[in-house]
Structure formats: C-alpha cells, structure tokens
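A, B, C and D label the chains in the order they appear, each numbered from 1.
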Amino acid sequence: MSIKTVILQFICPDKPGLVSDLASWIASKNGNIRHADHHTDADAKLFLSRIEWDLDGFLLDKNEITSEVNLLEQRLNGKAVLSFSDDFPNVAIFVSKQSHCLVDLLWRVKAGELCMNVPLVISNHSDLEEICSNFSIPFKLIQVNKNNKADSESKILDLLHEYNIDLGVLAKYMQILSSSFLEQFPNLINIHHSFLPAFKGAQPYHQAWDRGVKLIGATAHYVTKDLDAGPIIEQTISNVSHRDEVSDLIRKGRDLERVALARALRLHLKRQVIVYRGRTAVFT
Amino acid sequence: MSIKTVILQFICPDKPGLVSDLASWIASKNGNIRHADHHTDADAKLFLSRIEWDLDGFLLDKNEITSEVNLLEQRLNGKAVLSFSDDFPNVAIFVSKQSHCLVDLLWRVKAGELCMNVPLVISNHSDLEEICSNFSIPFKLIQVNKNNKADSESKILDLLHEYNIDLGVLAKYMQILSSSFLEQFPNLINIHHSFLPAFKGAQPYHQAWDRGVKLIGATAHYVTKDLDAGPIIEQTISNVSHRDEVSDLIRKGRDLERVALARALRLHLKRQVIVYRGRTAVFT
Amino acid sequence: MSIKTVILQFICPDKPGLVSDLASWIASKNGNIRHADHHTDADAKLFLSRIEWDLDGFLLDKNEITSEVNLLEQRLNGKAVLSFSDDFPNVAIFVSKQSHCLVDLLWRVKAGELCMNVPLVISNHSDLEEICSNFSIPFKLIQVNKNNKADSESKILDLLHEYNIDLGVLAKYMQILSSSFLEQFPNLINIHHSFLPAFKGAQPYHQAWDRGVKLIGATAHYVTKDLDAGPIIEQTISNVSHRDEVSDLIRKGRDLERVALARALRLHLKRQVIVYRGRTAVFT
Amino acid sequence: MSIKTVILQFICPDKPGLVSDLASWIASKNGNIRHADHHTDADAKLFLSRIEWDLDGFLLDKNEITSEVNLLEQRLNGKAVLSFSDDFPNVAIFVSKQSHCLVDLLWRVKAGELCMNVPLVISNHSDLEEICSNFSIPFKLIQVNKNNKADSESKILDLLHEYNIDLGVLAKYMQILSSSFLEQFPNLINIHHSFLPAFKGAQPYHQAWDRGVKLIGATAHYVTKDLDAGPIIEQTISNVSHRDEVSDLIRKGRDLERVALARALRLHLKRQVIVYRGRTAVFT
C-alpha cells in the first residue's frame, strides 16, 4: 500500500488507438503500469479509461504530469481526473444523531482502510461529539432549523473552505442540502437507506415494511440536485421476513448502510469510480 | 417426501391459548405434528399459524378434518386453509414467447421438485408449442390482440374451468389480465422482471440500465388488480456493472426470474405462504 | 423490545402431543405466546422447540416457572433451557491486537442491538485498552506465552468467576484455549476467519489465496475441544477476485468477521440457537 | 453480439511498456479495442492481459494475426492464447444420470447464451438420451465399469478426436478420468457439488449436513490430475438451515450447480479466464 502511484481517469470520444496513445505516453516516460482498465460505451461512443502506474521511476514529476495530461485532454478532446495515491484528500463527515456510519468510517480511517484525512465532522446535533473526541477529530455543531437554513449552509461552506475540504460524506446527515449549496460544493457522497430507486424520500424502512418486500437495501451515491437520483456507486441488500418489524429493518439497515457507504467511499478514494451519463463506471 | 400430511394454515384475532387450542385438537385425534410455526402480528393483533401433521394414524379422515376445521374457524373467528400433501393442485402455466421459465418449471415438475400437475400450457403465441410437446403437455394457443381481449380471456376462463385449474402461473405471459378476469380467477402467481417496487411497468431492464443500479432483481408475487403491487413471495438479485449492456441485464435477469418463480411456486405448493394485509408470511 | 418474556428451549424424544403438551401448560397459566417454533429431527427422532411468551400476566413467577419446567423435563425425558428476556447475561470479550470485532460489539451493545452486559474485556496484549476505556469497560491484561499458559488460563478462570461471567466471546483472541479450560468454562463463541470447514487452522486467508477461491467466508461457532469443529451458528461470505491480494482478503474478511460474530451473538442472546448432535438449530 | 472480434490473452514477465507494446501493435494495424484489461501479479512478477478488438477493419487476416502473435510471444517471452469470436469451439458434454446441468446447458446454447457447438453428448448411462434427442444432439453411450475403464476412456478419446472436440464439460459425469486420459485430453471443466476446498470427494452434501454448515456451495473448475484441486473458475452459494435435510441440500445444490457451471462455461467461452499458478484470473 505504500507504493506511490499516479492514477489517470480519462474520458473521451471513442476511436481506434486510444489505449495505445495513453499507454505509449506512459511507457515513453518509463512508467510501470500496475492497473489499466478500459471501457467503451458503444451506445454513447465514449472511451473510459483508468490507468495506474508507479510514480517512482517515472521521468516526470507531479507538476510535469499535470501539464502533459492537460495537453492530452486537448489533443484527444477528453476530460481527465489526475490523482496521486500519496495525496490524501480532506474529507468532512456530516452527521446528525445516528452514530453507526461515523464510528465505522473513523475506525476504518484509523485501520488504514480509507486513504483520507478527516479534518472535521459537521453535525446539526451534539450527540456524536464524544465519539469524535475519542478519535481526536474536531466536531463542529451547525444547528439547522427551518428559519436558519441559508445561514447554516453558509457557515458550513465557510468551514469547508477553511479546512480545505475536497469531499463531503453525508453519513446519515438527514438534512437536504440546497441547490445553491451544491453549486458551491458539489463533491458529496450520500448513503440512502433503501435500495434505490425503490423507496425514495422519507422513512424508506416503513415504506419497505408496508410493501412487504423480501429484501431491503442501502445505496451509496453521489449527491445531485435531484433528491436520491444521483449516480449510484454501491448497493447492498439483506433478506427480511414477515417476522421483521420496522425496528428490525432499521437495525439490519444500519449494517447495510455502514458497508455500502464504506465500500463506495473506498472506491471513490482509490479513484476507481468514473461518473458519466448520470451513472458510474466502477473499475474493480 | 412420500409421507402424507395434513397442512392447516390459520389466521384469527390474537389471544392467549391459541397454540394450545390448535395443538390440543390435533393431539386429541392422535396427530403427530411434523412442523408447527406461529407468528403474531402485534401491530394488527393477528395470530397466524401453519401446522403440518401426519395423515396416517390420525383418527379423522379428510372429510372429517374439513368439518372440524370449519368448526374451528367459527369458534375462533378465524380463517383456515386446509390442504393435504397428496392432493396435487392443477396448475396452468401461461407463457408467451420466452421459454426460460417454462422449461425450468416443466423440468422441476418432472424432477419432483414441484408437487403439482400441469394439465395445460396457455399461450398467446405458438413459439413454445414444441417444448410442451417434448414434455407431453397440452398446449393451448389463445391469441390476444387489442380487439379480442375480452373474448380471449373468456376462452381462457373456459379452459381453466374445463381443466379444473386451481392456480395459474404467469411465466413471462406479457399480457395484463383484466379486473374482470381476476374476479373470476384470482389465483395467480406472476414473475416480474425487476426488484419491485423499483421499475414497475414496462421494460424494467431498460429502466434499470438508465438508472445505473448496481444490483438487479426479480420478484415473484400474487397477482392483484393493482399492476405489480400484489403480495410479494420471493425476490432474487444479481450484481451488475457498467460493463453490462441492456442485453446482459436481460440475460442475467432470466436466471433471476427462473429461480424466483420456482422458489415462490414451491413455497406456495408446500402451503408455506399465508397472505394477509397485502403481504405474505412465508413459513420456512 | 421492552416487553418481558419467558423463553423456553426444549429438546426431548419425539412423540405425538408434545406441542399440545407445552402449549397447554402455558395456556393454563394464562401465558400469551408471542413466538413458537418447533422442529422434528426425523432421523434422530428428536423434538426441538422454542416458545416465547409474556411474563406479564403469566400466573407463575420466575421461581415457579423454573420448578415447573424441571417437572416438565422429567415427565417428557427432555432437556430445557429457560431464560427471561430481562435477564441480561454477563459476557466477557476476549481480544488480542485486532480491534474490528471489539469496536463493533461494544458499539452494538451501546446501540441496544445486543442484550448483554460486558463487565470486562480480557486480552493478552495491551493494544486495545484505550478502546475499552472509551467505552468505560474494564480491561484485563493476561499475558500468555508458551511457559505460562496454564497459569494465565487459571487467572482468566478466576476473572470469569469473579465477574460472574455467563459467556465468553473470542473476538479475534488468537489463542487456543486448553481442554482443561473448556471443561471448566465451556460457554464460548468464537469467530473463525474462514468458511469452515475449508481452511481450518492458521492463516486461512493465505490458504484461500493459494487455492484461488472466488468466495471467502467467516464462521461464528461454539467452541469445543476439537479446534474449529464446534457447532456453527452463522456464516458469511464475500466475493474475491484475482485482483485481491492476501491483504485485501484480510480486509474484506474483517467485515465478514464483524457481521458473522455479531449476528451469531445476537441469535445466541435471543436464545434462538439450540445445540444438538454437534449442530445448531437456529430458530429465526 | 454479432460483431466479430479478435481476443488475445497474454501472459509474460512484467516490465514497463507492455500495455503500450500490445496496444501500439493493435493500433498500428487499425484495430479498434473494445475491451482491454490488464493485471500485474506483483508477487510473481507476471503481466496478464486480455485485449479484444474488432476484426472488421483490422488490417491483418486471421492467419496474419496468428503469425504476428507468435512473434510477439517470442519477443516478450510470453504465452498467448488467440481466439476469434466467430469461431465457436466444439464442446462435448459428459453426463451420467442427472439431467439438471445438461438441460440447462442445452437450453442456454439454444438461447444464444453460450457461443459453442455441441456435436455430441457422452454418457455412461442411457437415461438422458431422450433429452438429447429433443435437442437433436447425438448421444453416445460409453458404459464404464471397473473392468473396462481403460477401454471406455479409449473409446471416448476416439470420439473426441472424431468430432474434433476442443473442450469437454463434465456436467455431473460422476466418473473420475484417469491421468492418462487427462494427458491426452486436458481441456475439461467440471462442476463439483461443494464449496471447494470444503467437502472434497464423495457425497459432499452428506458431509455438509453432518458438519451443520449454514451455507452450501458449488464450484466449477478446470480438471487436473489432483481430484477437485484444479483452478476454480466460479463458485456459488445458498443458505441452508437445520430444517434442510440432505435431500433439500441436494435439491438446492442442483440450482447452484447449474448456475456455477453455466457461468464458468460462459466465462471460458468468452475467453475471460486465464489460468496461471494453479489459479484463474477472470476478467469481467
């Protein structure tokens, strides 16, 4: 895990020679490719690629790589996301009263499963302050009510800016962020407590119970202005039976939510997710 | 599997002593209980029970059992479904052009997995006639178009009556049966090609692809007048990725549909399913 | 969940009338049965039953119930385990250096998912002391090496006695307890990091990688003198691919281990598990 | 699916520039890559690659491609497997008395799920002759007993030669092929009715029942001289409970076997499987 790598995600219009083009450039600079995965969306005539190679021994430094990737984008009319495995993004975790996802994520960071820094936790309730304290992570209480929503979102944006946050994770935040907020800070992953698109909106476990489904799910997705309609990264499911009451669905759901969110976040952090056409390609 | 049993499904208002009441009656007639499973729906204050005991050695014959169960219903203000494991129901399979569920069901009947007779297959297209012929099962072609729907449903009802059919299985029938039909023949199980309630209606695999889900499903359910809203018996799921095109979802879905339908049908035939409150209790 | 119940697990030689016998006794004392599940092992001619009824309104108090259940055992030549849902057992968690199961279990206890007290954590290393401190749980360091095994086990037994421990949970304890220890304290649940009986013994993830399996698993089981051969309570699995290195299997395995152990422990605590013939019946 | 493609599987010692090397060659001949997937086994210092590109528009014909790939092997000290999507291999299915896998495979071939020809079915019993007849596939009865094993294997080898068979599929053949046979015809896929390496050898479902596992499995693998130890292609699992008798495990296992074998065979036919180090890399 300590090997430093360069990770290039690339999308461009499909044509012959693209794999060769990218790989030849890397080879010409002495790059040793560890993973390379390509996908052609035949319907949309798009080429998607994720290539990861060793930074050590590569003839370009990070700045030079950035410059050359810009040229590549122009030449191939594409869009690149360039990352370096040793640059850990700053991630703010948003919570409310429920602790299961927060404890899980902080434990995983500590265990080295998630390559990210957590400079702060933002919450609209104070319940989880002690957990953050145990993990020595700053806890910021930004209370939200129907009268102060714009103001509280403004405070949150200030914090995200102050702490240089790259990504927000809504770990059972239970608040809907405004379109205005999302325009200013669009990098957010959410965990929804249903198998989307079933049971959108409020109280999905109650909805699931009423419908009498035999499986319940959880969905981790990028946040967009359309509620619960953002690109899906990961979904998990669990069996339920007539013996399960709503409280059992909620309990089982906690396990689904923890796992789906952690997996989605890990995939995102390993830069294995490319968003396109309102969907994700997940290179595993 | 050759042991003959009596199976009693019973629903009534909950109160203390019900398990004892049912079990004592069976014991008093020398019944040896093989399976007994009870469920209390605390919210609805309902008692649900499924008890299966040996017919051999029981002091009552089938007619006497039926009479006494009627008395039981009256005394406990309940509703019973009484069955005998050696009475195989007559099941009509409805198909259209797709063969996967039909072949699977007929193979399972032959292999002894499904305790039912199949006196006929009903179809609106002739494509699957040869398969039925291979299994020596009568195939009835009842063509359906927008002008003859009432007439064709009438012909089907005649066939169901003529062949003394207890249950219909919609094994990719692809036609919506009218409310009038369902009033006259309500005992139907359908396989829907999505993880209900997601992707109701037409072309669920196209819908699923568009939404970019990471899991697809199939749902076997009893048919009601509300399309795709009947009580769910069984759901199955499979992973999908961005590499799967709609045709791959359809292919993977066939496996899900076969398994979900076969499992649901087996549960129904073993009288393990009780429908109540628009849901099912499945005693496994 | 706050309703107080009596839970009776009962095994005896099978014969007609047993369900009636048990249920009639409960009904005669005004017991309202919430769950009743029975299983007949036809091969072994054994009757297994789990019945749960309301303590409130029942005409006998706990002592009287205990006395009458003893009479029941004698009369039916059976073996009963009687429990009361408001009696939380005292559970000692055994750990070593790995924290994932410990954090998970302590979080679940706090969240109310596991009805047990944790009076102490026992470890052969000091690494996890801080976690216990965060949860305000006494941490007892009992170092083990090849020269002091008998002595350390003796110290552990003293602790189990002192703290009135009902059950031990080996949450990645990584030590093999001696036969002598197990004779004195046989109530132990272990989490094994493989899909038993595959990959018994040491380094199962290395074994799994070498064999090139496509699924890995974890197994929660009761501890017996035969290593990794005790009655299985719960098994979980996860997909793996050629891209997963041993370290990935270990990481994925941690999630499997947490879930399998937590589920098994919950089943045990809800008295849903009956051990017989070296196997378990799990009444869900 | 009707697009003709070239599929190159390639293994060689790892070094920088390999992706570029392969992709540049394809690009230089005007090849449009549809799928390209590479894996580096860091531990073994091996590079594995699967590249699929359009045959139409490619500047080389099949013979020329074959020649150039030979040169590639020499230059990179590698081993290639070259295939063309429109060359359907000839596959012989080996069966005994159980029909579930045979019916499933023949149905899938007919449905277009499996790109292969089935010139004949070989069996040591006559039970399944009628099924083959329904699908218009020649059925060859080669009886095997303890006295004629060498002779019967010799007859089978003659048939494989006569029908120009590329691959054999042991679809519940229930006979162990000799080392001598495997030396002469090593291309075989088998379905084993357990979650290998658990329950090797005979009667795995009986073994599984005795052990009281909570999940059973099936394993599709390439055949090697070590019984049940060949490279695993696919594994499937299903839940079981104490209520399942051995006959239920066998029934549930049939579904697992059908699916695992069909998936493995499809992966093999799509040339998505590379065997190395006694394991498989499955490029999905």
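Going forward, a residue touches a chain if its C-beta (ideal position, glycine included) is under 8 Å from a C-beta of that chain, and two chains touch if they have at least 3 such contacts.
Keep in mind the model is a prediction, meaning the values are calculated, not measured.
Contact with subunit A and subunit D alike is made by B, C. Repeated interface: A-B and one of A-D, B-C or C-D share more than half of their contact pairs by residue number, and that pair is C-D. Chain centres were defined as the mean of their Cα atoms; on that basis the chain farthest from subunit C turns out to be D. Residue numbering at the subunit C/subunit D interface overlaps substantially, since over half of the positions present are found in both copies.
We define each chain's centre as the mean of its Cα atoms; on that basis subunit A and subunit C are separated by 36 Å. Centre-to-centre, using mean CA coordinates, subunit C is 41 Å away from subunit D.
Multi-chain contact residues, meaning those touching two or more other chains, occur in subunit B at positions 39, 42, 241, 243, 284. The touching residues of subunit B, counted against subunit A in their complex, run 39, 42-43, 195-199, 211-215, 217, 231-235, 237, 241-243, 245, 277-282, 284. Only residues 14-21, 23-24, 26-28, 30-40, 42, 51, 57 of subunit A touch subunit D when the two sit together in their complex.
For subunit A in complex with subunit C, the touching residues are 1, 99-100, 103, 107, 111, 113, 134, 241, 243, 247, 251, 254-255, 259, 284.
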